[in-house]
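Next up, some structures in C-alpha cells.
Next come two complexes, and both contain subunit A; in the first it sits with subunit B, in the second with subunit C.
Coming up: the complex of A and B.
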C-alpha cells in the first residue's frame, strides 16, 4: 500500500475522465478566444453558429466561454476549499491521534457539531455577515469540511499507530515527526483521498447552489450555478441555456463520484459476502444415485465434488468424498482448517457459499417420511422444509449465530413454527421445555432475554435446543465447542451425547471437529479429511488407536491431550506437522500429502492413491504405503514405529 | 427504556444549546462592528444614526453576557425578535412557513423510502447481479445531480415541454386541495429523489453486510422461508444503520430543500431565508437556521429512540 507501482486497470477510465473535466476548463483560452464577460445585447439568446458553438446567453455573452470559465471558478473554489480543509483537518487529526489528550477531544467533537448544521445553511449564515463572493465561499467550505478530515485522519491514524511496525519504529527511537510523516501519513492517504474527492463533489454542489441562489460567486464572473439561474427565465425560447450548464455540472460531479467509488473499491476490496444468504447454484451433472436399501442409513454422500472458479477455470475444493451416515451413530469429520470438512457438511444443508458449486456426486437423505431425496435436485421450497426439520445444524460461533435483535423466544418459536402446525403459545411452551432439556436454569424467564445477555455456553445451549426443536434425523455439529471455554466444552459434549441417546427416533450425528480428544469421546466412526479428500475412514476406536495414514498419525501425535502417546514416543515436545496444506488450485500430482509426509516414496508423486478398503471392510485409507494398499509399497513395521 | 429516552433528550437539549451558542457567538467574533457590517452595501457605508439604531434594535449595545442571556431566554420562549428589515415578528413568519417546508420534506421522505428500500434490498440481496448493476449505475448518476438542477430540469420537461404539471407556486390546501397536491408533486419528488439515492446506497450496503452474518445462516438452517429470512433476519437488522445514516443525511436534505423551494417558488422557510440573506437581515437568518437545526436535532433524537426499539443492544448499553 505504501507505494503504488502502477495505476490499477479499474482506475484508468475514471482517472482519465476526471482529468479531462478538470483540464478542459483551464484550457479555455486554447479553445475559445471569446470573453465570457463581454456583453452583446444585440445577439442575446443567439443560436449556435461557427464562431459561437454553444450560442449566446441572455446578455449576448458567448456561452462556450462562460461554461469553460465558469468551470474554472467552480473547480477552483471547490478544490482550494477542499485542499485547505484536507490539510488543516489532517494536521489536527494527526496531532490528536499522536499526542492524544485534549487535542483528541477537539478533533472528534468539533466534527460532531459541524455535522449538525446543514452545510448550505451555515454557508448562508456566513454570507449574511460577510456578503457573497468566491473568497467567502472558500472560507466557509473549508471551515465546514475540515472537521470531517480531522476525524478521519484521527481514527485512521489511531488504527495505524497501533500497528506493529509503528510501535517498532517508535521503540527504535525514530522522532515523532518522522513517524507521522514517513509512516502514518502514507498509510492513511487512502481514506483521506476518498474523502477528498467526496468533499470536492459536495463543495461544487454547494458552490453552484449558492451561486444559483445569487449568493455565491458574484456576477459578472461566470459560474455554472449562476448560468442556470440566469437562463431559467428563458428556458422556453432557449433550452440550451439551462441544459448546457446543467450537463457540465452533473458531468463534473459524476466524474468525481465515479473516481471516488472506484478509488474506494481499489483501496478496500471487499470480496463477496459470507455464507448466509448466497444462492446455491444448481449442480451441472449428477451421477446415478445408488439406492439406499439399508433403512438404518439416514444420509449418504456419494462421490461429491465441489468446485470453485479461479480466473474462469474450475478448481475442485472437494473431491471423491463419500460418506454414509447411520441412525444412532456419531460420525466425526476430522481435519485441519481448509481441509473441506465444513464445506462437506454445509453441502448436506444446501448452504454452500455462492462461489462454490456442486459439480458432481449425490447427497441423498432419508426423510422422516421414509422418502429418499437427493438434496442437490430439490427445489428451494422442499429444501426449506427439510432444513431444521429433517436435518438440523449447530455452528461454531455461538456468539454470532443468533440474531442479536430478536429475543431467544422469538428465534426459537419461529424455528418450531416453520415445521410444526401449532399456536404461538404452544410453540412457546415447547421452546421452554427444550431449553430445560438443554439444562437452562430459569428457562421461563431467560427465554425472553436477548442473545447479548447470555454467555457463549448459554447461547450454544440455545442453538442446540433449537436444533432439536423438530427432532431431526440428522444433526450436523460444525465445531460446536471450538469457541467455548474448556470446562464448557465438556458440558456441551456431554449434553449432545445425552440428547442423542434420548431421542427415540434414532439421531445420526455428524460431528465436524479438529479436536481428536473430543472426537475420541463422542464418535463411533471417523473420517479424516485432507486437502478436500477423505484420506482415512473407519471405526473410531480402530483408527484412533492404530492409524494407517501418515496424516492421521501426525494429527494424533500433535494432540496435546494424548499423554500416553507422547510418553511412548519418548518426546517432551508436541510434534507439529511440518509444512502447510496445499491450496486447492496448487495441489501436487499424486498424493496431496506427499510434500509433508515423512514416509513418502517416489511412487507417491506419480500414483494418485485411491481409498483402499481393508479386507474386512471396517476401514479404508488413501495411502500407497498403508497395509490396505495394493502392491508391495507398504511400510515396514520398524518404519511405522 | 425511559432512562435511555431521557438521556437522549438531555443530549438533544445540550446540542441545541451548543449550536445556539455558536450561532450567537458568530456575531461577537466578527471583526468590526456587526451593525456596520450588516448595513454596509457594496462600497457605501450607512449613516451613523442608522448604525446606532440597528445596534439598539439588536441589543448590540449591551454587554455580551447580557446579550447572550437575553438571546437564550428569548430563544427558549421561541421569541426570535423582529426583522431588522420590516420589523415584523420573526416567530410568526416562521410559524407560517415552517409547515409548508415540513410538508415537502415529509412527502419527499415517504416517497424516497417507499422506492429506495425495496430497490436497495433487491440490489443488496443479489449484489453483482444484473438488477444491482443497473440500479447502482442509475443511482450513481442521480447522486451526481444537485437538487436545484433536478428541479430546473423537471420544470423544463414536465411543465414547459410536456405541460403536465405547474412550474411552481403554492396554493393552500384548504383553498384548492387538487391544485395544492398538483403543485406539491414536483417539489417533493425533487427532494425525495436526493434522499432516495442515499437510502438506496445505504440499504444496499447494509443488506449486503447483514446477508453475510452467521445468524442469517442459522435462520436458513432452521428452514425458514426465504421471505421471512430476508424480512426478519436481514432487513430488520439493516434498518437500524439505514435510518441512522438517513438521519445524519437529513442535514444535507434540509439544505437542498432550501434550493428546491426556491426553484419551485414554494413559499416555505427558504424563501424567508434567501430574502433575509439578500437583505442581510441577520436576526431572521439566525432564527431560521436555529429552527432548522432544532428540526434536525429533533429528527435525529426520534431516530435514535426508534433504532433503540429496533435493536436492543443500543438500549442495553
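Coming up: the complex of A and C.
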C-alpha cells in the first residue's frame, strides 16, 4: 500500500526531472535578462554567442528568453486547463456515482456529447467563435478533457461506493458530503492523478498544435507552438530555430510520461512488480529421493521446504512437510489460512507462485505407466503432460476457474483433446458422458450453456467432470465446497465419494480444507498443518476422535458444532484459543504453537519438536507433551480444558 | 413476549426491476415475500438461509441502506418507512451493522483512530478531550491494544480487523446491531474468539443483534431465536435449540442434516432437484419441488406460518410429521 509521508525511491528521479522542467521556465528572469518580445531585426537568425546562448530568431529576439517565457505560457495553459478539467470532471463523476439517478444521467450524457466531437474540430470551432488567445485555449482544453475525468471518476467511484466501508459510513449516519470527500475521493485519487499527468502532457501538445496553426497564443507573445511556426520558414538556413522548441516540447512530455509511469506503479498496491503473469518457479531437483517400493503409493512429498524472500533473507513458509498419498485413499490436509496447506498441494502440481522457491525436499509421483518421476527433474513440457493427465485439480471458486466467455462444451473438449488424441465429436460425447457421471441431468443440452447460466453447485460438477476427463491417479481438491451452500456442499462431497469408489485405477484424493466436519465425512487420513508444518498426521478416525496435538484439539473445541449443549444466552463461552497464528517471519523459537498452547512448558521454547510416530505407526504428532514423544507428559483432555 | 419489541417488521417486501417487457410493464424479481418478525430488547435473532434466501437484504432494508416496502417497520416505536431523513440520521446512532468481509469493510487509507472517530463525529459524540479516552475504551472493549489506533487496516489480521469493525459499530452505543455474516470469513479459532466477544458485549451492554449467517451451529450458539429463510420466505421461526434439534419444517431439517459434523453420524435428508430460479417459483409451497414429504396439496396453497410449539412457528402443511 501507499504510505503517504515517504516518497518511494523510484519516484525521486522522475519527480526531480518534472519539477526542474516546470521550475526553470518560471525562473526565466533569473536566468536571462533578455526580453522575449524585444525585436532586433539587425541580428535576425544570429548564431549563439556568449550573451545569447541559443542565438536569435527571425526577428532577432533572444531564443533562450523565448523558449523560457514560451514555456511559461505553454505550461500554464496546459496545467490550468487540466486542473479545471480534473476538478469539474471529478465533481460530476463523484456526484453521478454516489447519488445515481438523474445526476448519473447528466454526468454520463454530458461527457458522451463532448466525446462525440473530434477534439481538433471542437477546438477550431471554439477558437473561431471566441478568437485566439491563452484564455480561449484554457477554456477549449478544459471542455475537451473534462469528460475523461468525469468517466474515470464515475467508474472508480462506483466501484468504491459498493465497498462495505462506504456502506458502513452510511450506516453510521456520516453526512453524504463527508463520505464523498473524505472516503470516496481519497480512494479514487490514484487513477485520477495518473490521468492528470497524461492529460497535462496531451494538453501541451494540443496547445502547441493550435499555436502553430495560429489559433492559440497571439503573437508576439511567445509559446513553443509559435516558435515552431516562426522557425518553420527558415528551417533550411537555421535548423536550430526549430530544434529548440521541439526539444523543449519532447523533453517536457517525456518527463511527464516518465512521471506517470512511475506514479502508476507506485499507486498500484501490487507494487507493479513482475510481469503480471505469475512465473512458475522451477522445482529444485535433489538427488537423494527415497525409492518408492510400495506400488500403492501414488505420490510422496518428502521433507519439503518452501521459502520466500523477505528483504533479501529467505523465510521458510513450509518446513519438513512429508506426506504419502496412496491409491484408493483420501488424505485431508487441514489448517487455517496461512498454514501452508494450499501451497503444499500447489507444489505437487508444479504451480508454485513465482515468489515461492522450493529450497529442499522431493516431490515424487507414480505416473500411470508405473514410472516414478521426481517432479523436480522434469521439464515444463512433461509437467504440462502430467497436469490433467496424472494429476488433476479442482478449486474453491468454480466461477473463476471456468472461462465465462466460452461454453462448457468448448472448455471440456479443449481439456480432453489436450491429453487424448480423438476427434472433436468423440471428445464431445466423452464430455457428455462425464457430465452424466457427475450427476448432470439433461447433459446433452446443458453442455452448450455458458458458466454463468449454471448454479455454483453445477459449475463445481463441471469442474469435477473436467478433472476426471483423463482418469487421473491423483486428484487435488482445494476447498472445493467452501463457496457452496450446505445442501449443495453435501451433494458435492457425496459425488466425490462415489466417483472415488467408481474409479477402477484407484484414485488418490488430496482434500484440502479448513472444515473438519467435511474432512470427517470424506477423509481416510488427516494431516493437520499449523504455521507451515504438519503438527499431527494419521488415520482420520484416530486424529479427529482423539487428537493428541493441542492445536488439533483446540481446532475441534473451537467449533460451535462441538458444543451442542452450550448456548451464549446461558453465559456459556466457546473454548477459544487466544492469539493468532504467527507470520512465517516471526515464528517463535522451539514449537511454533507454544505462544497459544494451554499446556506449553519451558522446554517447548528450547526444543523444536519432531513428528513423533506412535508405536503402531498409525499416527504421529509434533508435540513434546504428546504420549508419542520421548518422555511425553500427556495431559488428559479434561485437564487441558 | 410481554416487553414491547425493539424492532417490529411487518410484511417486508423487496423487489428489483429486471428489464422491461413492453413500454410500461416492468418485470420484477421479488427477493423478499412478506417477511414479518420482531426483535425484543436484548434479544439475538438468528437469520439462516442459503444464498438467494434474502437474509442480507433484510439486514440492509432495516437499516434503510436499501429501499424496500413493508406494511410496517417500527424501531423503538418509530416508523422507519415514514421517518424524515434528519431523524433517520439520528436513528443511525441506534442501529449499526457489522460486515462479513473484514478486508472490504475498512477504508485502507484511514487509521483506526480515523475510522472510529468518523463514527463519533457523525453524531457529535465525545468531542475534544473526551475523544482520546473513549477511543482507548473502545479498542479495549474489543480486546485490542490502544497502540493499534494509529495504524492502518493492512497491518492487521482478519480477526483483528473484524474486531475493529465491531468497535466501529459499538462506538455510537447502538441498541441494535445487524451482524451480516460477521464471523463467516474468519478461521475457526478466530471465529470462536469473536463469537465469545459478541456474547460478552451483549451480556454487558444489552444490545440486540440480528445475526445473519449460513452456519447453523454458529447461529444456534449465539441466538435466542432463529428464523429460517428460503427464497425470500420465512419457513420456520422459533427458539434456537428447538429449531436446531427439533425442526418442524422439512427444509430446516434438511439444512441441519446437511451440515457436516464431527460428532454426529450423518443421516442426511436428501433434497431432490435444484433451488428454483426466483423468476419461476413453483406454485403453492416454494419448497415442494425439493421436499421429500411433498403432497399434491402442497401445490395448491401457500402454507402460512402456524404455531407448532412455544414461540415456534413453521410454514408447512405437514409440520406434524417431523
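Definition applied: the second predicted complex is superposed on the first by the 509 of 641 C-alpha atoms of A that agree within 3 Å, B and C clash if a C-alpha of one lies under 4 Å from a C-alpha of the other, contacts with A are read in each partner's own complex, and residues count from 1 in each chain.
Here, a contact is a pair of C-beta atoms (placed from the backbone, for glycine too) under 8 Å apart; a residue touches a chain by one contact, two chains touch by 3 or more.
This is a predicted model, so every value here is computed, not measured.
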Answer with first, second, both or neither: which of subunit B and subunit C does A:520 touch in the superposed model?
second
According to the stated criteria, A:586 is in contact with first (subunit B), second (subunit C), both, or neither; which is it?
neither
So, A:602: does it touch subunit B (first), subunit C (second), both, or neither?
neither
Check the contacts made with subunit A and report whether subunit B or subunit C touches more of its residues.
B
According to the stated criteria, A:504 is in contact with first (subunit B), second (subunit C), both, or neither; which is it?
neither
Touch check for A:486: first (subunit B), second (subunit C), both, or neither?
second
Tell me the contact category for A:23 with respect to subunit B and subunit C: first, second, both or neither.
neither
Kindly classify A:336 by the partners it touches after superposition: subunit B alone (first), subunit C alone (second), both, or neither?
second
Note: in the complex, subunit B contacts subunit A through residues 15, 18-19, 22-23, 26-27, 30, 34, 37-38, 40, 125-128, 140-141, 143-149, 152-153, 155-156, 160, 208-209, 211-226, 228-230, 232-234, 236-237, 240, 248, 251-256, 258-259, 262, 273-274, 276-278, 280-282, 285-286, 288-289, 292-293, 296-297, 310-313, 316
Please give the residue numbers of subunit C that touch subunit A in the complex, ascending.
44, 50-51, 60, 63, 65, 88-90, 92-93, 95-97, 99-101, 104-110, 118-119, 121-123, 152, 154, 157-160, 165, 168, 172, 187-193, 195-196, 198-200, 202-203, 214-218, 220-222, 224, 240-241, 245, 254-255, 258-263, 266, 268, 271, 274-275
Counting only contacts in the complex, subunit A reaches subunit B at residues 113, 115-122, 124-131, 201, 205, 208-209, 212-215, 225, 228, 232, 235-236, 239, 242-243, 246, 249-250, 253-254, 257-258, 261, 272-279, 349, 351, 380, 384-389, 392-393, 395, 397, 400-406, 414-415, 418-419, 450, 452-453, 463, 466
Show which residues of subunit A lie in contact with subunit C when the two form their complex.
1, 163-165, 167-175, 178, 182-183, 186-187, 336-337, 455-458, 485-490, 493, 514-518, 520-521, 544, 554-556, 558-564, 566-569, 571-578, 580
